[in-house]
Each structure stands twice: as C-alpha cells, then as structure tokens.
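Below: a set of structures, written as structure tokens.
Both complexes shown next keep subunit A, but they swap its partner, so subunit B is in the first and subunit C is in the second.
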Partner chain A sequence: MEQVVVSKRPKFKVTYLMVLIVFLLGLLGLMASLTEGTILKPSVLFGLTVNVVEIGLMALSLTFIITTGGIDLSVGSIMALCAVILGITYEKTTNLPLAIIACLVTGVACGAFNGLIIAKTKISPLVTTLATLSLFYGIARIISGTKIFSTYPEGFKVLSQKMLFHMIPYQFMFFVIVFLVFAVFFSRASIGRYLRAIGHNEKAAKFMGVNVGATKFLIYTLTGLICSLSSMIYLSRLPAAKPDIGLNLNLEAITAVVLGGTNIMGGVGNPSGTFVAVLLLGVLRKGLQLIGLGGSIYNFILGILLVICLIGFSYLNNSKKKHSRS
Partner chain B sequence: MAANSRIQGKLNTRFQPGKLFTTEVLLAIFTMLAFIMLYSLTNFKTEAGLTTFLKDVSYLLPASIALTLIILTGNIDISSGTMMGLCGYAAAYVAKLGYDFYVFIPVALAVGIMLGGLNGIIVTRFKVPSIVATLAMVNVHLGLFILLPSGGWVENLKTNFTFLGTTTFFHFIPIIFIVSLVIFAFFLWFMKNTRFAKKIYAVGGNSHAATLAGIKPDKVVMKLFLLEGVLIAVSAILFYTTKSTVQANSTYGMEMLFITAAVVGGTSIMGGKGKLYGTAIGVFLVCIINRTMIFLGFQDYYSDAVQGIIILLVVLLTAVDMKKLKRKEIR
Partner chain C sequence: MKKWFSKNVITSMLLVLILAIVAGCSSQGATGSGSSSGDKKIKIGMIPKFTGVDYFIAVENGAKKAAADLGIQLDWQGDPSGQESAAKQQAYIQTFIDKGYDAILVSALDAKSYADTLKQARSKGIKVITWDADVQQDARDFFINQVENSGIGMTLMSNMGKELGSKGGKVAIVSSDPNASNQNAWIEAIKNEYEAKKSADYSKITFYDKIIYAGNNQADADKAVAALLTQNPDITGIFAISSMAVPAAGKAITDMKKPAGSIAIQGLGVPVTAKDNMQSGLMKSVVLWQPYDLGYLAVEFTSKLKKGEVKAGDTTFKSSLSGKTQLKDVKYSDSHKILPDGQVILGLPIVYTLDSVDGFKGYPDANSGLK
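So, the complex of A and B:
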C-alpha cells in the first residue's frame, strides 16, 4: 500500500504546484481588478515582495521541520527576542557588529534549546514550542520592558533601501537565494531524504542509519538562525524592535507551509510550494491593504485559509489511503 | 490498566525523585506552602484579597477541567481562550438587551457548543492535528472579534448580568466559586464512575488498542470537544459576570493558563495519564503564582516567561519519568 502512495506522490506534487501558481496568478488578477491595476505596477509588485521575506525565510525552514512531522510554534517569539537583543545591544554599546553577533547567537541558542529538548527527551515538538513560545516572548518583554529600540546606524538600513535595477529589492534576492539552497538541499542532498524518512516513519529511519536526534537538533537550530536573520531584515525595514512584532507570525508561516503542499503529518515536503504560497500570501495582504481592509481581516482570512487547506489535504490523503495515519 | 499498575508496583520499591515530584501529594504540599507564604506576605488577609483569589480560581477551574479532558485524549485546544471571549460576548450582548440569566446562560452554552463542535469536526472528521486546527481557529475567532458589533465590547452592563459574579456568601465566598466547586465535584464523580471516563483514558493511552476494544476514538474526542465547549462557556460566564464591561479579546492568551494548570497537575501531555484533582491543585498553584508575582511588584509580562518555564519543567520531568518507565518495561 505504501508503495502505491510513494509512486503517486511526485505526480501529485507537480500538479499541485501548478495549481498553486495558477491560483497565485488568479489572485493577482482579482486584486488587480479590485484595485484598478495598482497592484500590477512594478514598484508595488516588487514592493510587496519585501514584506514577505521574513515570513518566507521562516516558512522555508518550517517546511523542513514539518516534513519531519514536527512543528515550531515559537518562530515569531524567537524573532522578536532576537530583534530586542539586537536593539538593546546596539543601544548599550553602539557597536553594530557586536549587536549582529549577539542577535545571531540568540537565535541559534533559542533554536538549539528547542532542538535539544525535542531531540533528547522525545517530548512532542508542539508542546515544547508552545511552552518556549511564551517563554521567549516573556523574556523579550522582560528585557525590553515598555521601551522600543529604534535607533540604528544608517549603514544598517542600506540593505532595505537598495534595489537591483531600481526594481528588485535585495532582501528578495536574498530570499530567492536561500530558497534555492533549501530546495536543492531538500531534493538533492541526503539530508532531504533523511527528513522525509523521519516524517514517514521515525523508527524505520533510525534503523536505516539516520541519526534522528542529530537531524532534528540541526533543523531546529537552523530555524533559530533563520529567525535571527529574519529579525535583522525586519529591523532594516522597520527600525522598531519591540516584543510583539512576532505575534501571529507562526500562524502565517505555518499557513504558507501547509498551503504550499507540505503534509502537516510529515513525510511530504515541498519547498517550491512554500515559496509560491509565501508570494500568494504577500499578494493577498498587499491587495487587502490597497482595498483598505485592515490587518485583522487578513489574519481572519489566513485562519480560514489554513483550516480549508488542512481539511482539503487531509481529505485528499484519506481518500487516497482509506486508512488514516494514527 | 492492569499491566500499567503492575509496572508501577514494581517501580515503587525504589526511590524516584522525578516520580515523587509529579505526584499530586507533593504538589499539594507545595501549594499549601505557597499559600501560607502568600498569606503572610500580602494583604491577602483582607476579605477582598481572598475574594479576588477565589474568583480567579473559580473561572479557571471549569476551563482547566475541559482542557484536562482534551489533553487526556492526546489532543489539545489552544483556541479555548478566544472561544471563552466569544461565549462571554454572546452572553453579555443578550444581557444588554435586557434578558435574564435563564436566557443569556443558554446562549453562551450554545455558542460554546457550536465553537467546540466546529473544532471537534475539524479534528475528528478530517484528521487534522488538533494543535494546528485550533491555532487556525484562534485567528478565525480573533477576526470575528473585529467583525462583531462595536468591536467585541459591551459596556455598562446592568445587575441582571453582574449579580452572579458579585454576589458573595458571608461577604467573602463568591457564589461563582460555589458553582465551580459543584462542577468540579460533578466531574470528580463523573471520572470515577462512568464508562465514558474509562473510554477517555483508553483513547489517550493507546488509540489503536481502544479501537480494537470496540471504542470509537473519534466519537469520544468529538463528544469531548462538545463538552469542552460547554465548560468553556461556563468559565466565560464565571469570568465575565464579575465585570460590568465585557471585552471579547481580554481572554486571548488565557489558554496557556488552562494548559499550565492541567500539565502542572500531572496530566501527561501525550495523553492517557492524569487526574482531575491534580488539575484543581494546578489551578490553585497558577493563581497563587500570579497573585504572588503581582504582590511582589513584578510586571504582568513576567508571567508569560514563568508559565513557559513551568510547562517546560513539568513536561521535562514527566518525560524523564516516562523514559525510566520504558526502560524498566523492556527489561
């Protein structure tokens, strides 16, 4: 039975990616007609790619985690904590390299903390990261108090203001590069196969010779690193480090991953789908903004979208397999 | 069940620090110590302080029971906080129109059952992991708050709504505390004497084995989500009737309190293991920690970090315990 499923999967993946791209173009068309073409202007269209970079980076590393059957709910909190650390270090020392190093170290440490607990103790990732979600958020709030750190040197903002050919923002280029690296690693390197093996059947992966604990530790630490990178990109765009910048980011990132075709139960991952889904969410948010609907409507739609995706995918999986994974 | 107790019997011959910590006995002693500390530290001696404390306990208790039952089956519901907000808003909205408690309480219950049922259908019918499903529902609920008339606020509620929350016996025991105690007593009886309770443990302990024993796990989980809706609605009424202004999003984030209470009380997050009286002790502990931190002058944002640390610690300790158990079992 498993054999049949495995052989069918690549075909399904390709068609789903196409469906997603068509959906993206359709949404773009809809938004264009609703905003009378404003969204299709190059400045707006490439401008919206800036806003999705942080979410996109997190979603890419979350794709890895969800492929193994895990989840990381604490991404938003790690990002907020990194941002606050960067802000406070720079304000105290006015030493930018030191601040950046502190930020990176914080991210890696948070990710490693998650990874260590999940890999070593076999506690389910969702509980661990639910606890660290409030832990990191709480630490960020304790450190910052009511202050908002908003003084950064000019050189820091350069990243967000320069464009390639006066059109394509550098952050987006960075996102694309990271995506390509992730996609290649996922489909070509042995680690990608390990991730899928762990997601399908952890015990079997172990007997196959995969070091499950180390792999899990690695991807959670990687997610921490990615979160600290996201926090820097965020701060170069909006220089205001406060603890609540990370709220709801986990939902957005998870929605992008699930919408991209990664199975929430693990075993099937799709970085390219995640990439397209991230762009789709960016178009949706910018479009709603241009129409004049606030951020909470966006979150509402996001929630509904996630529910629909989850239901749809599980329906597809169940009808294919008859028996659900239990 | 029999095998489990046999293993435990074998283990009890040796001293186990991790095991001892998670036992409810020690927790109860700890709670009492904390209570004494709080009592001597603060203005707790005054009747007002005690009443506030009991009010905190009374609205946390039913919701924590609900979360305990859900966690016992191996599921989780992180939308319970926002669900509570919606239930409370519905009740307050009806009360504002001038209806009495025999109208607004059923309305809140109906809303709770609806929302709980929705979660249940998504989780059981479509096999979506409950944490992701309810994470999505949190945002749906938060979006609903915005769409509600006047942004999810109901102001200037009259005594037809607030009498329940403000009435006290002997000037310090709030009536809502009695209500939640009655609910707690009922559930203690329920967990001890009904077949359904056994099914909950069976589903949480080993879903596959439960199926083979003739239990339908999906049905049990679905019923539990409906029950959770009812209990959350009760909690909402106990919480909001103490206030004359109802703000639907004020309970956002409270789900962490419920989960903390359940987990601290010894409910295994993997399901299948846990006691309701443990949860009650957990509720007391959570309230005491919050109160103590307020009285010691910490800002409220310390509580996020503290909750996270508590959950992690307890879960880590139980995991260490489980590992030992498994090792023994294999031998």
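So, the complex of A and C:
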C-alpha cells in the first residue's frame, strides 16, 4: 500500500478513495452496532448490494459523463421506458429474446438521442437531459397507460434468484465485472484521457485532436445502453414494469458519482470511487431500513451528502485555483 | 497511470475481501445472539399500502391495540412521505426477513411483484399473512380478508339499483389500477350480481364499456373522474371503489355544478371522510367494514397461528372479536369463516349512513367509535 506515488493528481485520488473506504467501514460499524450485528450477516451484507446494482451501473457510466463536465438527468426515465418496452413487447409476443432486443434498442436510442442533441447543438447537457427526462417518462406513461406489466417467464428471473455460494447475488458480480471494464477503459484506454481532457478544457481538447462530438455521443449512448441493462436487472428482481420505477434514481446515481470523488465540474473522474460510494449508499439504505427508518430519511441524507460533496469540491477547486473554467 | 490504476483496483478488491472477512467473523456472533433470544416476544412486521391515510391509520390503531393486548412486538413499516411503491414494500419485506422476524403481514400494492421475496420468507419459516389486499395464493399462508368479495359486489350493486330506482341509467366503475387485486375481485362481483338480475331488478341499468383506472393519488383520481363525467354527460351512477375515487367523484360533481344527487355515487370509502358528502346529499351511504377490527384480527390471528392454535385446513376461527359489536347494534357472528384458499373473513360489509358514521372505529383518534 505504501508505494511512492509519482504524479500529483493520482496521489489525491488514492487518498480520497482511502478516506471513502474508511468512511464505508465506519458506517458499516455504526450500522452494525445500531442493528445488533444484523447487517453483518453474510446474507444481509451481500444481499444489500442487490438494492444498489441498478443505480450503481448508471453511476459508473455517469462517471464518464460527469468527467467531461456533462450530466445525464434522464437515466431513471430511460430505465423506466426500457422496462415498459420490455414488458409490453413480451406481453404482446411472448418472445423473450425479441423483448430483450427491443429493450436494448430503446436504451441505445434514448441515449443516442441525448448524445446527438448534446454533441450537435450548444444546448447544455443539464437542460437537454432535463427535457428528455420528461420526454422519456411521458412516452413510457403514454404507451403503458395505467397498466403494469408483470408477466415474465421463469428463466428471466435467473439473474436475481441465483447466488454464488448461496451468498453473493449474480447481479452484484455482474456489477463488479462492469466496474472493472469501466475502470480499465477509464485509466488505460485513450477514451479515458479524452474524457478528462474534455472536462478540463473542451477547446484545448479539440485542438489536441480529440473528436469531442463523437466522444460525447458515445458516452451518452453508452449510458442509454447501461440503463436498459439496469432495467432488465430491476425487472428480474421486481417483475412490475411501470413508468414511475425510475423516479429519483438520477439523484441517487449522481450522488454516488460525486461522493466517489468525480468532480461535478468535470476534469476529474474516479470509477473506483464511484464503486465504493455505491456500496456506501447500499449500506446506508439497508442500515436505515433495518433500524426502521426507510423511505424519506434516506433521500434526506442523500441530499445532505450531495450538498456536502459539492461544497467540498468547490472549496478544493477554489483553493487550488488550478483549472480556470468559466 | 498504470500504477495508479492497479492501485485503485487492488484497493477495491481488498475492500471486497475485508467485507467478506468481516462478514465471516461476525456471522458466528450474530447466530449466537439469535439463538439466545429464542422464545421471546413474537415479532411481527406489518406493512400497509399507505401510511398517513385515514383507512390505514384505523388499521394501525387496531393492530397496535391487539399487539398491546397480546404482548407482541409490532413494527408498522411504511414511508412517511407517502411515496409507496411495490419496490419499497419489497425492501421492507426483505428487511424483516433479514431481521429474522416471526411473521410478515402485508397489504399488497401489487399481487405479483414480490411474490418471490415472500416465498423466500416462507422457506425460512416466517409466516406470511396478507391483509386488506392479497398476493398470489402460493406466496402467503393466509389472507385476512375484510369481507367476502361477492358480499361487497352484491351490496354495492343492489344499493345502486335502489338509488337509481325505475329511472335506471348508465353507470361507470372507477377503480385504482389494473393490478389491484381487491378492486378487481369487487368489479367481478359487481358484474356477476348485475348479470344475475339483469333482466329483472337492473333492466334499466347499462354499464359504461370501460373501467376507469384513476391511479393511486388524489390529483390523478380527480382528473380521471372529471374527464369521465365531462365526456359522458349521460352517466347517472358511479361505482367509486377505491379510497381516492369517492372524494374524486364528489369533487367532480360539485365542480361541474350538477345538483347533489343527480349522479348516484356508490362506493367504498372511509365513513368519517365521506361525512361531508353525505351531509351535502352527494351520497347517501358508503360501504366499508371496520378497518380497526381488520388490524386487530390480523395480529391476533398471527399470534394464534404462531402458537399453533390455528392451522391450515381449519374452517373457522374464533377471535376476541367474535360475537362482539361490529357497528352500533350489529354484532359479528360467533366465528370467522376460513375459506379453502386460506382466506380468513372478518365479517359482513357495513353500509354506513349519516346516522352510523360515528360508529367508525379507530379514526380520527385511536379511541373513536369505541365509546
């Protein structure tokens, strides 16, 4: 662990990750004492990850977007729309592969729509995805009406019912794999450097030869794809597709990204931090539920965490005076 | 860069490892403390559809009274912000499983969504009892049903027939959502009653061809009912069979400045809340039961089930409500029916009129209607 770190920024990141891990373990300890150890039972501890896999996946791909200084508020709506499309296609055709393809295509199309607007026009990602948040939600509402789609074949539930060693849920392992892929891409592939370059200074990135438009289009489309995967994992766990399943998921996913150490202003990203932050939110949520404080208290704490992180980052930015972004 | 990456990944891996070790170490301790608290109080987790709503407050008061009488630990779990969803109910159920409770009592928002979670609870020896709203039959042990579904349908339909009289007219059904199991059963019962006496008692009554699903919040319900009445001025009767539908129907008629009584509202609603509508003549009566007693029965039944005093296959169940007052002079019969599919029936439906509204138990205060 005590390696000599050469460059400056990585040192900060590693330190922050450490702090986050200590924080996670501390929270786990606190929750363990408040719940008389219930949260430390292996089935509970690994089981709690199930609740955050869907937002975790979104948070990983949002890490890419936020690193470029962008944002995607529409993730929850895309997920809900994908779920509804899957549900309606399966109900009409009883053809699961077709329904899954329709779901994936919907996700990619929604993401690409976001990406196209953001890459080709000067409209800010915040406004664009705020608009598409309502748009996708509206489409989901219109096509489903008040119907809830809850008929799926048994095979579809495999993902959420099987556990490795009767303990580790499959969807958590899937999350870990996706995380590793994202982490590799972020730090080893050129795309990771492009993302940070765009986040630091978009014009400079352009002069460096980064195809800014294509990169942005790619990451928003990727996010759409991830949302469709999330929707399938959600449906395998809770087979009821309806438009409002995605409400407020954007808040949770963005909180995980920012808590993980990705700068909301762009330029600095940290998939590993996002991963730890997602686990932290999982522990927080499960812990609160075990104490009997589910629901709104969790959202309240989520809001506080987000505000603290944002203030913290703006303080760090100001004190460093490193990047002068308008 | 390479160094930083490998370091980050190593740290994450280490974290997972640490979690696993911590989990491994503590699991022994956890099971140890679990066995020592073996024959303590029965612990029950009870999950309503909504919190902070008149109907469920009455149930809560009844359930808590039963828990106090019988020495049971009762956790009433809902979201105080009122944003309930099947996903949240599933999380509450999972949490009660994690805590190792003896029984989970749920009023299901949706009959199918979390059937697997309930089955998982049953496989661990936890009693799963639904009340107020059922899930699919193989996911629960018993269903504490307020009334037999056919009883509700018959009462509503015959009240409608009486109120519309010889004029007859077109009637519409306003429900909450297509997955609401109670409402669906009642709709079926209303239709059955209608079909049975179509050529005689109900010959002048026709049905609007669609069922209106007004959703689970008041604003949506208001909009849906207003739209229905605006588009179909010939409607003379509404079956308002969800808790949101009754006030929505009253509001729509008032807003459209139609005279009170020009559209007959037959509905299930909380009597105390419907009192204003009854006083202004918008409705003559509401049909319901005593939610307070439903909560009481659910907890008492669970306690006796846990102690082995009642089991699958029994056809009757005697509770401390049996033979006691239901409303005013009306009493419950000497025992509750248990149907072959595991439904435990609280009693017969009650038609509340302006005279008997104050006999509603457990709302607005815990002691209301109890004298």
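Note that in this section the second predicted complex is superposed on the first by the 315 of 326 C-alpha atoms of A that agree within 3 Å, B and C clash if a C-alpha of one lies under 4 Å from a C-alpha of the other, contacts with A are read in each partner's own complex, and residues count from 1 in each chain.
Following the convention adopted for this analysis, a residue touches a chain if its C-beta (ideal position, glycine included) is under 8 Å from a C-beta of that chain, and two chains touch if they have at least 3 such contacts.
Computed from a predicted model, the values in this text were never measured in an experiment.
Undergrad: Name the contact category of A:V307: first (subunit B only), second (subunit C only), both, or neither.
TA: first
Undergrad: With the two complexes superposed on chain A, say which partner A:K147 touches: subunit B (first), subunit C (second), both, or neither.
TA: Second partner only.
Undergrad: Per the contact definition in the header, classify A:N201: touching subunit B only (first), subunit C only (second), both, or neither.
TA: neither
Undergrad: Of the partners subunit B and subunit C, which touch A:N318 in the superposed model: first, second, both, neither?
TA: first
Undergrad: With both complexes superposed on chain A, which partner does A:S296 reach: first (subunit B), second (subunit C), both or neither?
TA: Touch status of A:S296: both partners.
Undergrad: Quick check for you: in the superposed arrangement, does A:L45 touch first (subunit B), second (subunit C), both or neither?
TA: second
Undergrad: By the touch definition above, which subunit A residues appear in both interfaces, subunit B in one complex and subunit C in the other?
TA: In the superposed arrangement, which is not itself an observed complex, subunit A uses residues 145, 294, 296, 299 for both subunit B and subunit C.
Undergrad: If we count contacts the way the header does, which residues on subunit B are in touch with subunit A in the complex?
TA: Of all residues in subunit B, those touching subunit A are 76, 78, 122, 126-129, 131-133, 135-147, 207-208, 256, 259, 269-270, 299, 301-309, 311-312, 315-316, 319-320, 322-323.
Undergrad: Per the contact definition, I'd like the list of subunit A residues that touch subunit B in the complex.
TA: Those residues of subunit A that touch subunit B are 71, 73, 117, 121-124, 126-128, 130-139, 141-142, 145, 243, 248, 250-251, 254-255, 258, 264-265, 294, 296-297, 299-304, 306-307, 310-311, 314-315, 317-318, 324-326.
Undergrad: For subunit C, which residues are in contact with subunit A within the complex?
TA: 1-5, 7-9, 11-12, 15-16, 18-20, 22-24, 26-27, 29-30, 33, 75, 77-81, 83, 85-88, 90-92, 94-95, 98-100, 110, 112-114, 116, 177-179, 213, 215
Undergrad: For a test of understanding, state which residues of subunit A touch subunit C in their complex under the given definition.
TA: Against subunit C, the touching part of subunit A is residues 3, 5-7, 10, 13-14, 17-18, 21, 24-25, 28, 32, 35-47, 51, 145-148, 150-151, 157, 160-161, 176, 179-180, 183-184, 187-188, 237-240, 244-245, 270, 272, 275-276, 279, 286, 289-290, 292, 294-296, 299.
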